[in-house]
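Note that chain A is present in both complexes that follow, paired respectively with chain B and with chain C.
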Partner chain A sequence: MAEREDDELSIPRAALNKMIKELLPNIRVANDSRDLVLNCCTEFIHLVSSEANEICVKQQKKTISPEHVLIALENLGFGSYKAEAQAVLQQTKAFALKKRKASTKLENLGIPEEELFRQQQELFAKVG
Partner chain B sequence: MAGMENSSEEQISSVDDVVVDDNTNTESEKTERIVKLPLSRIKHMVKLDPDVTLASQDAVLMIAKATELFIQDLTKEAYTSTVHSKRKTVQRKDLDVAVDNVDYFAFLDGTLDT
Partner chain C sequence: MPSKKKRCNARFPPARIKKIMQKDEDVGKVASPVPIIISRALELFIESLLSKTNEVTTARKAKTLTTSHIKSIILSETTFDFLKDLVTDVPDIQQAEQNGDTVTATTSDLTQPKQRRSEFTVNICHMLQHISSQDNILYTIIHKLLALNTTVFPNFMCEVEYT
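== the complex of A and B ==
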């Protein structure tokens, strides 16, 4: 991958192409148009980050939170994005929870801890 | 839309089938993605702003999702112009029209000239 300067940083072309393909499967998009969309994305990200940061600073916080991003979106006219943006957070949490539960289950072979303990005690009793 | 069998609305798939990507995922077998854009790249871009101190991972995730929605929004809007002009290829002029037509795309006014 070629070295890029920081200000040329944008989202990957391939990711954009994939998204366009999924959105408009049978439509051609000129290459220079794709480049333009990439630039627009960069602008968008800076716009939202900047606004979110301002809100963050106003609240005298040091870290931009999802709440700040939501307010930023609303302020900038992108209120229609809020619902899905929030949904994504829920999905992450749900997935993380599911993952934790799944790994616990794997360890215990689906048996709750109290039951395992009880079985262990029984075994000890038998041996003793 | 005249002359088209499937309306553009039907062709446009929603982002329902997204799956999860947590950045800390060490299992390489399953990379399911909640957003299609790389969070690390977006985080880097956010931090380029000298005023920004820190952004939480969740905040970066939201920005990533918002950017996806933005891409879809902009592309859809540009495509409307393409169809209206009875073309099959989305061109730069379609993006121009999109920026003109949609209020909240006004911030892009100079961007298309680069």
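== the complex of A and C ==
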């Protein structure tokens, strides 16, 4: 992992470049403009984080939850992002639920172990 | 059931976002879905910023999206107020276009209308005239030279020798 100053922490350039290309395929974007947008991203993250943190503290919670972030977005004037943010949250929850279901499915086939063992013996007998 | 085409553009790494969040000492624990939501909000933010800036770029008929275009958007919307500090060093668009007296060279100089270039010429001539008020012939020669120039030379320096 490349050693990087904490102060230069930002989202990866490649991700931003891909986004710019998809959004504005026919426009040239100068390098310093890309740098500026990267800095704007970092500022945005800090802004939302500190607002969400304040809300979290007011609710006397210790962990910033997704709901705190949604309220923060509303307070900061980015209420229009809430709908999409909520959609992503639903997707994440659904995905996590699916994962959990899949793992329990394997454990609880519904057939007890002795029965499985018996079935296995029968199969061996058939082959032998 | 028809599924909506999910625009999975560029998703930003949640781990990186979390690191950035926790650079702020006040921020403590962060639930795991949080960086993912912020990633989506960030996508929307960039989309909004870039498409608005693009409107400015297109309106100015520029081929390249510059920091000045971004600055003008940041200053025009209150929701982008938090970005003002980032663009204090960035030149304003109005400055670059309206200031006919500046000799500052920008790459778009050559696309400036001829009127500005002749203004520049006139300014130089006035300066020269003032310097060499008794040397009318020299002034005329230099004036003609400048008039023939089709490009602007911001570093043009004229040395007048008196013998």
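Methods note: the second predicted complex is superposed on the first by the 92 of 128 C-alpha atoms of A that agree within 3 Å, B and C clash if a C-alpha of one lies under 4 Å from a C-alpha of the other, contacts with A are read in each partner's own complex, and residues count from 1 in each chain.
Operating definition for what follows: contacts are C-beta pairs under 8 Å (C-beta built on N, C-alpha and C of every residue); 3 or more make two chains touch, one makes a residue touch a chain.
Keep in mind it's a predicted model, so treat the numbers as computed, not measured.
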First (chain B), second (chain C), both or neither touched by A:95: first
Partner chain in contact with A:25 - chain B first, chain C second, else both or neither: first
Partner chain in contact with A:45 - chain B first, chain C second, else both or neither: both
Shared chain A surface residues [contacts with chain B and with chain C]: 6, 9-12, 15-16, 18-20, 22-24, 27-30, 32-33, 36-37, 39-50, 52-53, 62-66, 68-70, 73, 76-78, 81, 84-85, 88-89, 92
Of chain B, residues touching chain A in the complex: 8, 11-13, 15, 18, 20, 22, 32, 34-38, 41-42, 44-46, 48-49, 51-56, 58-59, 61-63, 65-72, 74-76, 78-79, 82, 88-92, 94-95, 103-104, 107-108, 111-112, 114
Touching residues on chain A, where the partner in the complex is chain C: 6, 9-12, 15-16, 18-20, 22-24, 27-30, 32-33, 36-37, 39-50, 52-53, 62-66, 68-70, 73, 76-78, 80-81, 84-85, 88-89, 92-93
Contact set on chain C toward chain A in their complex: 9-13, 16-17, 19-21, 23-24, 26-31, 33-34, 36-47, 49-51, 54, 57, 63-67, 69-70, 78-79, 82-83, 86-87, 90
Of chain A, residues touching chain B in the complex: 6-7, 9-12, 15-16, 18-20, 22-30, 32-33, 36-37, 39-50, 52-53, 57, 62-66, 68-70, 73, 76-78, 81, 84-86, 88-89, 91-92, 95-96, 99
